[in-house]
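In order of appearance the chains are A, B, C and D, and numbering begins at 1 in each one.
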Amino acid sequence: MTTNGAGHLDVAAIRRDFPILESGIAYLDSANTSQRPRQVTGAMLDYFEHFNSNIHRAAYHIAEVATERYEGTREKVRAFINAASTKEIIYTRGTTEAINLVAYAWGRKNVHADDLIVLTILDHHSNIVPWQILAAANGARIEYVDIDERGELRLDQFHKLLEHSPKLVAFSQVSNALGTINPAREMVAAAKAAGATVLVDGAQGAPHQGVDVRALGCDFYAFSGHKMLGPTGAGVLYGRRELLEAMDPFQSGGDMIKTVRVEGTTYHDLPWKFEAGTQAIGEVIGLGAAVDYLAGLGMEAVREHEREITEYAYEALSDIDGLTLYGPPPSRRAGVISFSLAGIHPHDLATIADRDQVCLRAGHHCAMPLMTRLGVAATARASFYVYTQKDEVDRLVSSIKEAQRIFK
Amino acid sequence: MTTNGAGHLDVAAIRRDFPILESGIAYLDSANTSQRPRQVTGAMLDYFEHFNSNIHRAAYHIAEVATERYEGTREKVRAFINAASTKEIIYTRGTTEAINLVAYAWGRKNVHADDLIVLTILDHHSNIVPWQILAAANGARIEYVDIDERGELRLDQFHKLLEHSPKLVAFSQVSNALGTINPAREMVAAAKAAGATVLVDGAQGAPHQGVDVRALGCDFYAFSGHKMLGPTGAGVLYGRRELLEAMDPFQSGGDMIKTVRVEGTTYHDLPWKFEAGTQAIGEVIGLGAAVDYLAGLGMEAVREHEREITEYAYEALSDIDGLTLYGPPPSRRAGVISFSLAGIHPHDLATIADRDQVCLRAGHHCAMPLMTRLGVAATARASFYVYTQKDEVDRLVSSIKEAQRIFK
Amino acid sequence: MSTGTAADDQFYREYILDHYKNPRNFGRLEKPDITHEEDNPLCGDVVGMDFKVADGVIEDVRFHGRGCAISQASASLLTERLKGMALEDAKKIDKNDVLGELGIEISPARIKCALLSLKVLKVGAYGLADEDEDEE
Amino acid sequence: MSTGTAADDQFYREYILDHYKNPRNFGRLEKPDITHEEDNPLCGDVVGMDFKVADGVIEDVRFHGRGCAISQASASLLTERLKGMALEDAKKIDKNDVLGELGIEISPARIKCALLSLKVLKVGAYGLADEDEDEE
């Protein structure tokens, strides 16, 4: 639909789908949350205005439509990540809830005293804190794979740690703070060979790289709709069926049961066993539209566009005096660039950029262990998506120069 | 805005705010999920199209606006339920997640072997199953307060059970299956006097009766935005600050932390300690608009309107041969009527009603223990809200007669 | 608004109502060779079947249960078909056969009602897991 | 797009940049009577203060830390004001005083930066819980 020629995105056409861009903002914070096209809000509005009703056990027409759209999204998501079955697609609020679901429903039962959990120093808090809490509860221990000076994982260390037969290995497909694309396939294969259960945090992977969970071979894969053009409130946990079947529920209540009796309760089949209570129906339907949108563009074209923009931005930023870039070279990173400016705090830079309607993130990017490792408190971060165009990068460069003029 | 005269709802004006009603449906399933007015979808769309961004740590203008609206809703909700502080207002996906939060974060730590949990046979699965799972995990036991032949709680039994010093008492303010309005204030007072921690399931209370949590005196109060004109994906747990402060987090990850280090983590203050990961921002903003809408109508007027419709419906249904009504007389119930027809299964009735665009619920209403108690597998249920008008009840009556004609 | 009478109702056809009100082969068998029951917890419907089998042929079959017109009529219709049928042939009965026999347009919401008795046949008599059950 | 230079910037006023680049009373005191540090974990800013107090009067004060221009300038300005002030008077300093002294329009996003040093003063020196902190 909005690709032109050999899989190139037609960015001008794409931008027309995003009403927020009409205000003139240069939105460079897509790794935080993406913008949503009309197709997504339209699908939600269609639900709210035309077949708004609760799903499942439908006794009337509009509830059948709602159920179809809700369950239809599951098939879209399944195809998008190439899962074997829709039973492996669990809706959650986002990546964080997906990881917490695993930490509670799989972790509490399977991780025991002295078991080893392997994480990485690149990870997002949402892929660290749930494991810290699990480890504290069950007496397990955590080791973090370090990075090298380019911001890439020390695979030598990773393989060393695998020799200690970790129970769980969890890492992000792509780092939200540095943009590092981890060698996920190789890492999963090695971790599986070492007998570990493997969770991949796909919050930055699914939107920008795409994923084939079967080719990847992981046991769990978590991602957020709001980072991939979908609305807030809907995300996904993929889990291998065998593991999900063996797990107890996480949350419980309406809809995830077969029978409830005073004497006890039997649970529903997958995937509903993990979807307790009224779900974020409109949001899941919006997520379905987002998946359609991305599938229409083609993830290859999305990646290619981001690579182009990232290279352009990397070069432009490299030319600026007093600017330090963190992370790997552009060919080995996703559309995320973290940097700092000598003598200018990232917050001050963001404030100055904001006056030019350039939306920039400043902070620790929910990756404090990484910031500690890099020896900084915060960085500025620009991140890109399908609607990003080069003149927005140019505006970022102007804002940086403006900040340097002010702080000179 | 849409009340006329002495606190009477101007239903015709209200109905114009609900685009879905233009299709001509008689939506009689509001206890399941309500419809949403333009004001609510408009507030969400405003976010998605004008200041779509992630909240907190805002470094640019639109993120400040999003944060303000998101946190501003907290104050609206606080005022709506008269909590003492916004720190006591935790956003969740809905009632189910709110109750699960308490079952995990309070229950696992505070409910021990042989402790007593008191529930009622009227309760929704979402206020039963989490406690069954907790009881199984911690070795506690559960007793259910029975109902009398009118579908009202056996308070004599309730008070007897309190003599055994339950650790937790959890019950619904209003039954979603029978419409029974429980004497919540009296029950909370007695339970507190007996030393119990008290959770009130307000899923049907907040939308239809309203609540003053401080007057009610409960420790926790849970409700869902989607049942009170808000979008799917956003609900609320109210908790007394003292209890919330003492609790560990439920889910963990981004945003609910102060500092994350390899050595360990410190948590954020209330209420954010319980809001891990990117929240359902657009949906919370929609919930804020729903609260505004209801506050604009006035909960007294809402109650009064529902009482009128319910009385009208109760009378009309009472006149039908072969129809059995469940639950208390209309003066003692909320806008919910469960019934059955001799020789006609509720599902068949719902299918016939659906052909007349009358949306009716048929099933166990997520209250299987109650169905077992009543000796039925399922009932038909009509439920009402601010937009319900008498001619919709008349259409229900026609559908019932049509079904009787077919099944005669 | 539909104003049809029973006779011309497009969904609740006369023969369906007849099977609902006067179910064929309703009841229990003594000492059945096979007996199995399934419920549809979502709406509380229950269907059970008892079978007498001799020389690979279903000699007798009875069903019991409770539920909506669709689930009960479907069970009644299925028993009529099964009686005297070779097990091998019964194994081949599928969704489409059952829906075809009902002869009405079944909406997604009611499909489980319509197929509950088939599930009893499959899971009960043949121990076949029902792969694509529970679509809602 | 704003094209202002440092001299006329409405937010990063010259005196703010001056306090940022040449912070007054920056450093540590030996054997302070009071010392306290606070951080704003959300952006990594840190401000600490050391006080010498005699006869109820703040005889000397130093601050240390790192952070954005607003948090550091605000701390620098506050120390200037505190030096020689009676503790009783220092207790009365509030948000509005600090924001007034900064003299610029502070957006919600930056308010914590502006008030971090006040928090150090309040919590550290007086043990006052900051009731309405963390508005984001």
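To be clear about the criterion, a residue touches a chain if its C-beta (ideal position, glycine included) is under 8 Å from a C-beta of that chain, and two chains touch if they have at least 3 such contacts.
Model, not experiment: these values are computed from the prediction.
Using the mean of the Cα atoms as each chain's centre, the chain most removed from chain A is C. Rounded to a whole number, the gap between the C-alpha centres of chain A and chain B is 31 angstrom. Note: centroid distance chain B to chain D, computed from Cα atoms, is 46 Å. Centroids built from CA atoms put chain D at 78 Å from chain C. Annotation: 37 Å between the Cα-based centres of chain A and chain D. Among all residues of chain D, those that touch two or more other chains are 41-43, 107, 109.
Of all residues in chain B, those touching 2 or more other chains are 57, 59-61, 63, 257, 259, 346-347, 351, 362-363, 368, listed in ascending order.
In terms of inter-chain touching, the protein chains here follow a pattern that is not a line, ring, star or complete graph.
Chains that are in contact with each other form these pairs: A-B, A-C, A-D, B-C, B-D. On the chain A side of its complex with chain B, the touching residues are 19-20, 23, 25, 27, 29, 32-33, 35-36, 40-41, 44-45, 48-54, 57, 59-63, 93-97, 99-100, 104, 121, 124-130, 132-133, 142, 144, 224, 226, 231-234, 248-249, 251-257, 259-262, 264-265, 276-283, 346-347, 350-351, 353-354, 357-363, 366, 368-369, 372. Against chain A, the residues of chain D that register as touching in their complex are 1-6, 9, 11-12, 17, 21, 41-46, 66-70, 107, 109-110, 113. For chain C in complex with chain A, the touching residues are 39, 41-43, 107-109, 133-136. Chain B makes touch with chain D in their complex at residues 55-61, 63-64, 67-68, 71, 257-259, 268-269, 272. The touching residues of chain B, counted against chain C in their complex, run 345-348, 351-352, 355-356, 362-364, 368, 371, 376-378, 395, 398, 402, 405-408.
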